[in-house]
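I'd like to ask you about the structure that follows.
We just call them A, B, C and D in the order they show up, numbering each chain from 1.
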Amino acid sequence: MKKISVTVWNEYFHEVEDAAIGKIYPDGIHGCIAGFLKEAGMDVRTATLKEPEHGLTDEVLNSTDVLIWWGHMRHGEVCDDVVEKVHKRVKQGMGLIVLHSGHASKIFGRICGTNTGELKWREDGGKEILWLVDPTHPIADGLPEKIVIEHEEMYGELFGIPEPDALVFISWFEGGEVFRSGCCFHRGMGKIFYFRPGHESFPNYFHKDVQKVIINAVKWAAPAQLPVITGGKSEPAFVK
Amino acid sequence: MKKISVTVWNEYFHEVEDAAIGKIYPDGIHGCIAGFLKEAGMDVRTATLKEPEHGLTDEVLNSTDVLIWWGHMRHGEVCDDVVEKVHKRVKQGMGLIVLHSGHASKIFGRICGTNTGELKWREDGGKEILWLVDPTHPIADGLPEKIVIEHEEMYGELFGIPEPDALVFISWFEGGEVFRSGCCFHRGMGKIFYFRPGHESFPNYFHKDVQKVIINAVKWAAPAQLPVITGGKSEPAFVK
Amino acid sequence: MKKISVTVWNEYFHEVEDAAIGKIYPDGIHGCIAGFLKEAGMDVRTATLKEPEHGLTDEVLNSTDVLIWWGHMRHGEVCDDVVEKVHKRVKQGMGLIVLHSGHASKIFGRICGTNTGELKWREDGGKEILWLVDPTHPIADGLPEKIVIEHEEMYGELFGIPEPDALVFISWFEGGEVFRSGCCFHRGMGKIFYFRPGHESFPNYFHKDVQKVIINAVKWAAPAQLPVITGGKSEPAFVK
Amino acid sequence: MKKISVTVWNEYFHEVEDAAIGKIYPDGIHGCIAGFLKEAGMDVRTATLKEPEHGLTDEVLNSTDVLIWWGHMRHGEVCDDVVEKVHKRVKQGMGLIVLHSGHASKIFGRICGTNTGELKWREDGGKEILWLVDPTHPIADGLPEKIVIEHEEMYGELFGIPEPDALVFISWFEGGEVFRSGCCFHRGMGKIFYFRPGHESFPNYFHKDVQKVIINAVKWAAPAQLPVITGGKSEPAFVK
């Protein structure tokens, strides 16, 4: 069976600019994520903002089954052309997993048609508990009923997303907030998963349950054998 | 009780350029729709492509509860600035009803994040039957179990939309096709309804059941008293 | 316009057996709820477990637009015949609002087809915050972005319900739990709303926002003019 | 990898009582379905109405990953005890695929909480076209955009089901009807799929696309590694 081809995209700014964060993720957030996906048997590449075309050339995109997106401070620097190409590929069937502050990325906003930057936030390093509310979903495979993360940034509702096709996790935060933390969408031939955890200042992509969610999500989002859809001016499907 | 303020937007091209169509809709499609909405007790204005800012000035948009959109041949001529303003207003709570070939409009594509132009079509004037599949929905109020339209353009699946939040009608066509014909979405504070019938060459906006659907949809899409949502950096909602 | 006819059903056990609870709700939980619904312009009756047929005679049920259900300790004493009749009426179009511990009632289980008794609970009187996650829903009309309840019983996920058709509120609790607290369903011609707050030992049905939710829910669940649906062996809808 | 364990349940009445139907399905409908599932690499048993406990003993049910259900004339003869046990197993994670006239079975009604027997029907042997409307769904894997069945019984809306969690197929019929033909639900830990085709008097379970749908549905409905859910009186998940 062919391995799933994953490209992990990272802004790769905090890890370079801030020594404390560089210490948490010495290979970058993308390096950490690529690592555990490789161990899970996937074929993984990485790409970052500063590379030509942000590392997302036609060749890379066309050979990617699932793209993972982490960005935070420099959403505005992502070229509209690249966003357009990623969007097109998602509609053609490429899976997309948007992580944490990637909620405010151009690509996620384009896919959602809403102000996905809208939410509450607080960098207090309080506890987050993610409760599983759809245990039958493939992304829940092998997970416990709750994922406990000792220190995280808080995100609170109202989150500016469309109604998810499936809601897999709801987060609880110490300061009184809740958040729809695991949200599935499909658009055209592509599947999209938003997953909340992963602030740069906490080592949460080393958390085994967080890794398990991302691995499951990649498997879920990888395209199956897609139908050939005809469109435009059409002859009748039925003639008496 | 304050009347619902509706703006009916029409490309207003076919009715002017094609005498046969002008005869069907002597006051334009917008004129016909405005007429039955006024009779239903609404406060109605119209706006068309050729007016400055396509008739959708800030003043008009800011005082519109529900915008109705009919376009077909000249989607590309709608200014991106106006599309942007309409999109913003929808996210703030303005209702939007997209009719028939408006599926391929810039605004509907922007809201959906998909290629909403994708579907099958055939101008054969065959019969369409719209079956009610969500009889509890407010848009179904007072309607029969099926709406029969003698002559219509066919639209067939796969329709390039996100999963609707509610699916109210499914259409049947003589030539073997089906179509999700009444689709509800919500985005931000706004409600959106796509309704399929209404090809320019058939007088279907004079059909009483079609009118009833549009009247119900306006009532459904009109904003209620919306909550004040706070966002951004936030103090805890709970302190022990 | 005809007033909405509401019947408020209450087990009416705690208020009678426990003086402290009787002091909180001297007219019973049903009396409190009936009171604010009357003030909101509705036509309200009450019914309780000990009445013949639990107060839910054919005459009462057939003239009820929306039934509200509060029960806790004596779900098992509700006659199956009455449950069957209520279920039938819901499928015919009567609205049903299930409150708090009513989640474990026979009628809610029957409607859901799941073990609706399944959830976590703790009577610690901690704080509950209900966050609005669907601000466009009619049940959200005029509400703030969060409802804060100082003292409540905790309910935690996993709640044994089907996927709601709309999720309006998510609750946060002090002890680390979250809960899908405002859930809409439709079954046949009837609309159902589950709303979490209202443990008998706290005066939370006197809370203005809680009352507003219930008033909105009654308006939402009241049947519109329903279609006549034909079924069984059928002649073609289309003959060439 | 462990094979998926499937039990195919069939009323097995028409094939025995009616020679013409026995000729179409000489090994029974269950035999036909079991055959192509075995070829697809599954571990398959069959069970029928006349066997003790209808062939659905505790041992069988407890070792079944996915149960397939075909019934038509004798729904009323299925013991309530067996229905109860099947329902319990579904809530615990067993997948259930309900075929064609199985819509009116006790088990499907119990799971749905609605009058699932409600629909229109006509045994005219007309054409059915099933259109794929959710091409990203696992059940769509490797299928064409439409499945054409030359001769089938007609089923028409309104179908008495809850809103499906996912709608995969919509059927078109010659006589003017449409039907939600491929509907996914989840209840407790179990996944349920309703699939419309398969009237006894046409050899449609020999149709390769119909077989592909059922094979995909079995794979989709087979339980993953389910979480351990705790419930009832609970200690706080968070203590400061």
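Here is the rule we go by: a residue touches a chain if its C-beta (ideal position, glycine included) is under 8 Å from a C-beta of that chain, and two chains touch if they have at least 3 such contacts.
Keep in mind the model is a prediction, meaning the values are calculated, not measured.
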Most widely separated chain from chain A, with each centre as the mean of CA atoms: C
Chain pair, A-C or A-B, that carries the greater number of C-beta contacts: A-B
Separation of mean Cα positions, chain B and chain A [Å, integer]: 32
Geometric centre distance via CA averages, chain C-chain A, whole Å: 37
Residue numbers of chain A (touch at least two other chains): 127, 129, 132, 134-135, 145, 156, 158, 163, 165-166, 172, 174, 176-177, 186, 229-230, 237-238, 240
Residues of chain D defined as touching chain A within the complex: 93, 127, 129, 132, 134-136, 138, 140-146, 148, 165-166, 172, 174, 186, 189-191, 223-230, 237-238
Complex contacts: residues of chain A adjacent to chain B: 87, 91, 110-115, 118-122, 124, 154, 156, 158, 160, 162-163, 165, 174-177, 185-188, 229-239
Parts of chain B lying in touch with chain D, wherever the complex brings them together: 127, 129, 131-135, 145, 156-159, 163, 166-167, 170-173, 176-178, 180, 240
